[in-house]
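What follows is chain A paired twice: with chain B in the first complex and chain C in the second.
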Partner chain A sequence: MSKSNAAANGHSLWQKMPKANAELFALTYGTLVTELVRDYESTEDINEQLEKMGYSIGVRCVDEFLAKADQAGMVIPPCRAFGETAEVLAKTGLRMFLGVSAEVQMLSDSSFSLLIYENPLSLFVELPSDPKWKNLKYSNLYCGILRGSLEQVNLRVECKFVKDVLQGDDVNEIRVELKEVLVDGAGEEYQEE
Partner chain B sequence: MSSSQVLLFVIVGKNEPLYEAEFHKSGTTGSSDSVTRQNYFVLHSALDLVEKAAWTTNQMYLKVIDKVNQQQVSTYLTAGNIKFMLLHGGRSEDSIKNFFNDVYELYVKLSMNPFYKYDTPITAKSFDTRVRAVARRYLG
Partner chain C sequence: MNNKDNEKTKGMSLISLAIVGKKNEPLFMKEYRDESTNAACIPEAELFGLKVLTGNTDGFSKRAKECSLRQQFILHSALDRFDELAGPPPGFGWREKGSTGTDAMWVGLLCPVEEMRVYGYMSTTKMKFLAVVEDSIFMQQQEANTTIQQQQRNVDGEIKQLMTWIHQLYVEYTLNPFTTLGDAKISSHRFEKSILDCVNKFNRST
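So, the complex of A and B:
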């Protein structure tokens, strides 16, 4: 799927999605994170919880993505290389759900970086200057979403934030590494004799 | 008279001051200890007058509520009952109103930060820098 196609598809899918108020969205996520901060002691635990929540969201996202695309009459062909997956994710998927698209930087055949310039989750947020917050990955939800949705299409990946605007960098960068291409399989009980 | 050179700006919550800043006119040095203490005293004694003045108008900007010697205290009461108080030696109503409006916008943006809890002391450096920039712009 060509790059310009992916972007155009993303844009038209975004038009069709029901919208929520951006401030409400960001503030709700903000309270979620502050609740987690109150419940858990270490920033690692908080990051882990955010990732788990993102995973549950991501698992459902990919079905919705393919269904809506089908409804809109778009054809999203199976990706022939991991790079194509990255493009579809960044330009179409993220655009459809969040309204922002990301840039892809291929690092190798099995890993890429997603660069997100505008993060709708971190509107109004400023992390306190206490050094213990240096490890908090505020938008770790995205990592979970990517992992969950790619797992549904049989790609086991590991995602992590390498650069975060809230921590002082100029862009949000998520590194996605392909670990394994899963084989479609039902459990052992269902194996045909 | 040093009192017209030094401006004291305090944000007061329900129980305690949340933010304090002293602005000096460019060129003059900081004021002495006793002048500072006197300034704080004047400002805090005007706190009761804020409550009184709040009932007289439905505006957030309460203008000058107290005059002592050469100093005046102007107040802005936010929708969440947080008091912005400015001790000054006579500035135009308009410039003070603009100052308060800009600080209010900064305050609202700060309160939208999920990590800032309402009615707690404001420690963010960025807030301090921005308030000082606003003060320099409107209050000289």
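So, the complex of A and C:
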């Protein structure tokens, strides 16, 4: 599907979604992260937990996305190339759930970068200047969400934050790499003899 | 008519700022006047007959530069005035009946000290914001036709606006999930930088 279509679809899906207060959303996520900080010792553990939480959100999001698009009369055809997946993700998917769209860059057959300029999760957040916070990926939830949702459409990916506004960069960048295209298959009990 | 308007040397400038919590614990104290430009100012150490420290190698002298003792003394005495004005519990004695929002939180002139005046602002949660301002209100009076009360009201309005900005920045600081509220001093680069921008904006516009 073309780029302008993806953006238009994203915008109209966003209009139809019920909205929540942005401050409440950001503050809730902030308390979640500080709870994790209290529970876990190392920032790697915290990042991992955030990613796992994102994964469970992601597996549910993709069904909602496809269902809502169907209801709205939009056609989201199966993607013929990884680049199309990236565009749909960035312009339609993220736009529908978060209200912000991302840009796709450094696109190759098996990887791309998502650039997010405005991050609704990190409203008001400023990381303390202690060096131990340098490795904390505050918005790692997004990586999990991407991994979870793409796995439901048979794409096994790995997502990593490479640039983070909270750590001083000018933009948030998530690198998505395709590891494997999973094969649809029935479970062992259902295989025909 | 007023050819003095072109001279920006006359006008208000913020000298120091303090944010004090509800138990009167200091959260933020910063001085914004550049001591080196004030030639008439004697270094504090000399006043007490001690040798003047050179360089700012250790953390203590660096912190002292952030808010000199003189300013801290002025701010402490202004704090007493706050308590006087507050009155009996619930402690909002300066408020006029029916005022809400910024008007209710604005206390006003606390005390004049030499050429400086200390203004106060207290939020409903007993957070106190003090500003020490140097203004040339008396010099302006000779040129303009307005009365002292009128000028005081103008000055009040501008400082009230500055206090609203600072209050807003403080609220944004508390909304950061990584800040520990309580007795800790405010230590956030973003907060200090945005307060500095506010102060510069205030100094430029007056």
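By definition in this document, the second predicted complex is superposed on the first by the 191 of 193 C-alpha atoms of A that agree within 3 Å, B and C clash if a C-alpha of one lies under 4 Å from a C-alpha of the other, contacts with A are read in each partner's own complex, and residues count from 1 in each chain.
Note that a contact is a pair of C-beta atoms (placed from the backbone, for glycine too) under 8 Å apart; a residue touches a chain by one contact, two chains touch by 3 or more.
A quick note: this is a predicted structure, and the numbers were derived from the prediction, not measured.
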item	value
Combined model on chain A: chain C and chain B, fit or clash	clash
First, second, both or neither for A:L27, with chain B first and chain C second	both
Which of chain B and chain C A:S129 touches, first, second, both or neither	both
Interface residues of chain A shared between complexes with chain B and chain C	23, 27, 30-31, 33-34, 123-129
Residue ranges of chain C in contact with chain A within the complex	172, 175-178, 188-190
Touch list for chain B against partner chain A, complex	109, 112-115, 123-126
Chain C contact footprint on chain A (complex, rising order)	23, 27, 30-31, 33-34, 123-129
Residues of chain A that touch chain B when the two form their complex	23, 27, 30-31, 33-34, 37, 123-129
